[in-house]
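Next, two complexes with subunit A in common: one pairs it with subunit B, the other with subunit C.
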Partner chain A sequence: MKIAREETMAPPGIQPVLQAEHVSKIFRDFWRRPRVRAVNDVSFDVKPGEVFGLLGPNGSGKSTTLKMIVGLLRPTSGRLQVLGAPPTDVRRKARIGYLPEDSYLYPYLTCEETLDFFGRLFDLRASERRARTEQLLEMIGLRHARRRLVGEFSRGMARRIGLAQALINDPDLVILDEPTAGLDPLGCRQVKDLILTLARRGKAVLLSSHLLADVEDVCDRIAILFNGQVQATGPIRDLLEERHRPRLTLPEVSADQLRAILAALKEQLGREPELDYPRRNLEQFFLDIVARAMRQATEQSGATPSEGVAPYLSVDDRRHPLASPPPPAGHE
Partner chain B sequence: MRWRLRQFAAIARISLLEIIRQPVFLLVSAFAIVFISLLPVLINYTLGEAARIVRDNGLAVHFAFGLVLGSYAASTTLAGHTALGTAALVLSKPVGRSLFFLAKFTGAAMATLLFSLGAGLATLLSTRMATGFFALDWWAGAPLLAAPILAFTLGGALNFRDRGPFVSRAFLWMLVFLAGALVWAGYVDPEGHRCAFGAHLEWRIVPASLLISLALLILTGVASLLATRLETVPTLILCSVLLLLGLMSDYLFGGQADRSALAAVLYYLMPNWQHFWLADALAGDGTIPWNYVGRAAIYGVFYLGGILGLGLAAFRRTELRVG
Partner chain C sequence: MTAGILSPARRRRPDMNKIIAIAILAVRGAIRSRVVLVLLGLLLLAVVAVPLTVKSDGTPAGDVQILVRYTLGLAMLILSLSVLWAGCASVSLEWQSQRLQLVVTKPIHPLQLWLGKWLGLVALHVVLLAICGAVTAGLLKWRMREPLRDPVDREWLLDEILVARRSLIPEPVNVDTAARLRFEEEQSRGRLPADIPPETVVQAIRQNLLIQAFSISPGGTREWHFPRPGRLDRERSLLLRFRFSSSTPGPDRVTGAWVIRRGNNIPAVQVQTNMVATARHSIRIPCAALSGEGPLVVAYENIHTDPVTVLFSPEDGLEVLAYAGSFGPNYARALLVLSGQLIFLAALGITAGSLFSMPVAAFVSGFVLLLVQMAGQLQSMAAQPVFLAGHRGEAALSPLGAQAYRLFFKLLHAVMGPLQVSGSLEKLTTGVLVSWSETFRVLLTHGLIYPLLLALLAAWIMRRREVAMAG
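Moving on, here comes the complex of A and B:
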């Protein structure tokens, strides 16, 4: 299943789920002297139903920004509002799902225990935890490995568990730091479909990635960071579109028809138009080959393919993340 | 509030599982228990002193290995998981830092107490095994020596059957088999006849074991405090230094306390392990009064409270850059 990105755009005029205003972060040394300015005067916002991408090379401040948003680091200056409260508000975190850049799981817990543990942190009922764990394990293709210790997993399998734990609470704001790192193309496609499904349900997704093609596939808006500063920001379509160079896509035509069309175009333009033929996307080609091989395979030790997104994550309630009354503040 | 309690229980339980599933935990605890169990075999022909020597050495092994395990458990669950990034991941959920720190300490403390339980049971049984003159009481010794073997065998079989974690299962089954061995030995006298429960066991070892367990809890608390700012290796080194200073506290600081304010402060701040090491009080037919155990427990609770308070203050302001 491939979900179209165009469907996920947030309606205009809706209050942001996440607001960063002139946020800076300076790391200091043992003597409290400034050592590195990791984030410098960064401002952006993310609205419900929107997929926002943070791009930038290594050390550009993406992960530091995400850690400030989930309250692990404190901004040196500026203002951060997450779901209408500062990131230090512990109760707001019940509505956030966070996947860090590495999965950071307990190596001596099994898959099942890991998801159950994170479900307990969100105070999910036992029956709900079991149901969501089942659905998530199915979604990430690790149902057969439910009793294996997470420490024995490959990076890609650990990444899948990391993604599952980020979604156990069906969050309103999903923060994904390099979600497709270490995943095979099949896993990447599933993650991208998942992101688009979440956005269609009105969830806000903040995504950080080095993989530009992935970002382009799913993001509505992006901000490009370099040296801790925003270098460019805006809707991805506006940033990438070259409006002065239109491209025509024709339906299936005969050779004679094509010659006639090209001749007419040449007459209008005064020069020969460029002609090329669309190629199959390598990702789609790979997925087709793997799907065929999987139909023939009987047993696998790694992740197995799954059909789409966990049912509880696909419920099309389209509720507004800010419509539900905020829980009482519980600053830590 | 109930949610917080459930979170606390979940984090403490997971911390305990994480600790007792580490191979090093099983290796150290099994080595200590097997060593205590073998003491009667190693220390024989000592003209009636065998039981005393086995008891003293059993308590010493309990203390020494418990200190290593307690500080290792606390540092690995806090400093280790902070370095690994799991602490940051958990704190990105609706979990307060105070709750997280206290739950982590509780998990480490439970692991330490489980080890204490095993070492205490082994000491009780091995002392009984060495009670006779020039002969070992195999009615207590056989189940004691069989407990680790059975536990490892059962853990391996269960791992083969359902691929469950071998390490924690072997450890927990070892405790179950040791408890079973105690019940068996409690009802059987050295001649193999049925007797009133516990008639031939040295129950006065229990308060000595409890005092050692209290000392181990304090050291686990100290290791938790250090682990908020230091990594695993520096935490272990500092805990070792603290152990040595605490053992020599009376000699190093107690004698100078009247003359030097600094020595007095250090004397009162340093955990004095001598309060918890009362093996000598069991010499002859000596016993440790329960009111002494109670007073030591009060000292331990207040000391631990102070240490954990400092740990909370330190951890609340820690920035989790890893993760």
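Moving on, here comes the complex of A and C:
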């Protein structure tokens, strides 16, 4: 099921969930001498209900920026505010979900134990942990592998578990570093649908990727990084739209009608207009083929694709994170 | 996220929930990576194989020594290395593998993370120690059975070794004033070498006087006063345990006469001994024969026919042992003391792992252990001025430098000193009481105070340290 893209951008005046102001990061050597300037004067913000993408080639500073936002690294200069507090504030971390660029899971835990472990770190009640674990395993298609050790998983399967752990606390700010890396096209589609569902619920999503198509599919706004600096930023539509070259989409027309329309356009424009026919994209074509095959197959090894998003993540309780007070230390 | 349905009283504290999650993670990791299995195998091998392979001196005490001290000592060595290594690795390797990244982005305080890892490691190693202790106790009980052990030996073991006796040592001899007077006398006569610092000379005179207080020349007699032994069980005996050296080389026997009494009362024991030097001997003192009040007085007369001087070591030459309990509880207390040491090692390893990468953390924690073992030497280095002087007596350091030197070693000794533990296994295999106060002291310092200080240090560092690397 493909979730349709819709405008999820927050209305103006809403407090950002995340604010980065002139943030720089310099890595130093043992003698504190500057070695590399990974992030250079980066500023952006992310509002509730918005999907913000950090784009850039390898080594452009995307992951470093995300690591500063989750408190794994400290900015050398500049100011970072996450949910109204510095990134190192432990209580605020209860409202953040983070998926690093590699899943970094404990190989001696099973799927179920991994999610239960992370659920405990968020002080979720045992029954709540069990329910969410069930729903997440269903969502990521690993219910059948719940008792397998994570260390035995392929990269794609580990990625799915990594994504599930990032959502166990139903976070208000979801930070995803290369979320579709290692996933098959079906998994990629599911992740993208999930991101859109989360945004529709008022969650802020910050993702980094170098897969442009993924970013284009889900992001409202983007910042393009190169050499640690923001090269371009803004709503994705504004950045990509070529307003001086409008394109008309016609309903189904006969050959005669088409010829007449083209002639009329040529007369108006003074030159021959370009004509092409819309195509399905490869991703949609692939998904249709797999969906047909799935209906025929009864069993599969590896991950079984699932429909939809975990119910607790789909509950329509749209709210702005900053409007709600932080959860108490214990959720039980 | 939803409101809890359990009443607050029934809910576990949220902070504990996180700590327990980390502890369970550590235990699961150790079990599933088969570390526990390998450790258990090694420990059982040590407990079973050592008594079979190490040759005893043939005495019943030697058998117990091997069965309890060597096996548990080896098991403790294995567990100490394991807990230290695992402690260092549990944080530093997770740091290096970046697995810690995922945990620290959750709402968990570094102190909770530290405590969780510590609890997991401690639980695992204390359980393994308890298994070793239980197997060793079982083996000991089996070896004490009638067909395997001569009834006389058995009786002797139960009275002297497999028992808990409080150790009383002679009241200390104060030789400081005498040493200072002797020094002044020698100085006034101009008989002191000019190139040796005065404090070194006083120290040497003091040591000489102390040895004189514990040595008996041919035909001479010496008396030692022991503190009051407290209430005595008239059914049982006190033991005078001693070890001496003689001025004749070789294992010659030395004849002496012992008189043991209480205060100025009639002697309870008058016995003549002809015993080999350097070996440990004991004389039984029936409590029923000890009449009256006052300190216990032990006198030795050197009646050897040849001119031989006898020397009892001022440190451990003489002790009186009074019955204080049975072996079982003493054994349990000794295991508790060992557990306390493991608890401290776990804390040290985890803290070192929080500060340094894996090989460095292991070396640093090993160095700290070395300093703990050297606590006695550290004290003498702080007090001993000889280190501050050059070969010709000239000052090797400026006064400020010398002060800094002393302060440094005093501080080091103040930190490391409380961590020194007198050998509980040695006490166990010599029938000496491992007291509750000693056990509590070790559990308090090793199991609580020092781990807490180390935890605070590690948490402080972890809050300041960047968890991720460039990328």
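Basically, the second predicted complex is superposed on the first by the 324 of 332 C-alpha atoms of A that agree within 3 Å, B and C clash if a C-alpha of one lies under 4 Å from a C-alpha of the other, contacts with A are read in each partner's own complex, and residues count from 1 in each chain.
We take it that a contact is a pair of C-beta atoms (placed from the backbone, for glycine too) under 8 Å apart; a residue touches a chain by one contact, two chains touch by 3 or more.
The structure presented is a predicted model; accordingly, all values stated were derived computationally and were not measured.
> Using the superposition on subunit A, decide if subunit B and subunit C clash or fit.
Overlaying the two structures gives a clash between subunit B and subunit C.
> First (subunit B), second (subunit C), both or neither: which does A:36 touch?
A:36 contacts subunit C only, not subunit B.
> Which holds for A:125: it touches subunit B only (first), subunit C only (second), both, or neither?
Only subunit C is touched by A:125; subunit B is not.
> Looking at A:44, would you say it contacts subunit B, subunit C, both, or neither? Reply first, second, both or neither.
In the superposed model, A:44 contacts neither subunit B nor subunit C.
> Is the number of subunit A residues in contact higher for subunit B or for subunit C?
Of subunit B and subunit C, the partner in contact with more residues of subunit A is C.
> Regarding the shared-chain residue A:148, is it in contact with subunit B (first), subunit C (second), both, or neither?
The answer is first: A:148 touches subunit B but not subunit C.
> Answer with first, second, both or neither: which of subunit B and subunit C does A:52 touch in the superposed model?
So A:52 meets neither subunit B nor subunit C here.
> Can you tell which stretch of subunit C bumps into subunit B once we superpose, 43-51, 205-213 or 313-321?
Residues of subunit C that run into subunit B: 43-51.
> Which residues of subunit A are in contact with subunit B in one complex and with subunit C in the other?
Overlap of subunit B and subunit C footprints on subunit A: residues 27, 67, 70-74, 90-94, 96, 98, 100, 102, 104-106, 108-109, 113, 117-118, 120-123, 149, 165, 330, 332.
> Touching subunit C in the complex: which residues of subunit A?
That would be residues 27, 36, 38, 63-64, 67, 70-74, 88, 90-94, 96, 98, 100-106, 108-109, 113, 117-118, 120-125, 128, 149, 165, 169-170, 327, 329-332 of subunit A.
> For subunit B, which residues count as touching subunit A in their complex?
Result: residues 3, 6-7, 10-11, 14, 17-18, 21-22, 81, 84-86, 88-98, 162-165, 316, 319-321, 323 of subunit B touch subunit A.
> Considering the complex alone, what residue numbers of subunit A touch subunit B?
Against subunit B, the touching part of subunit A is residues 27, 67, 70-74, 90-94, 96, 98, 100, 102, 104-110, 113, 117-118, 120-123, 147-149, 165, 330, 332.
> For a test of understanding, state which residues of subunit C touch subunit A in their complex under the given definition.
Against subunit A, subunit C makes touches at 1-2, 4-6, 11-15, 17-18, 20-21, 24-25, 28-29, 32-33, 97-99, 101-109, 463, 466-468, 470-471.
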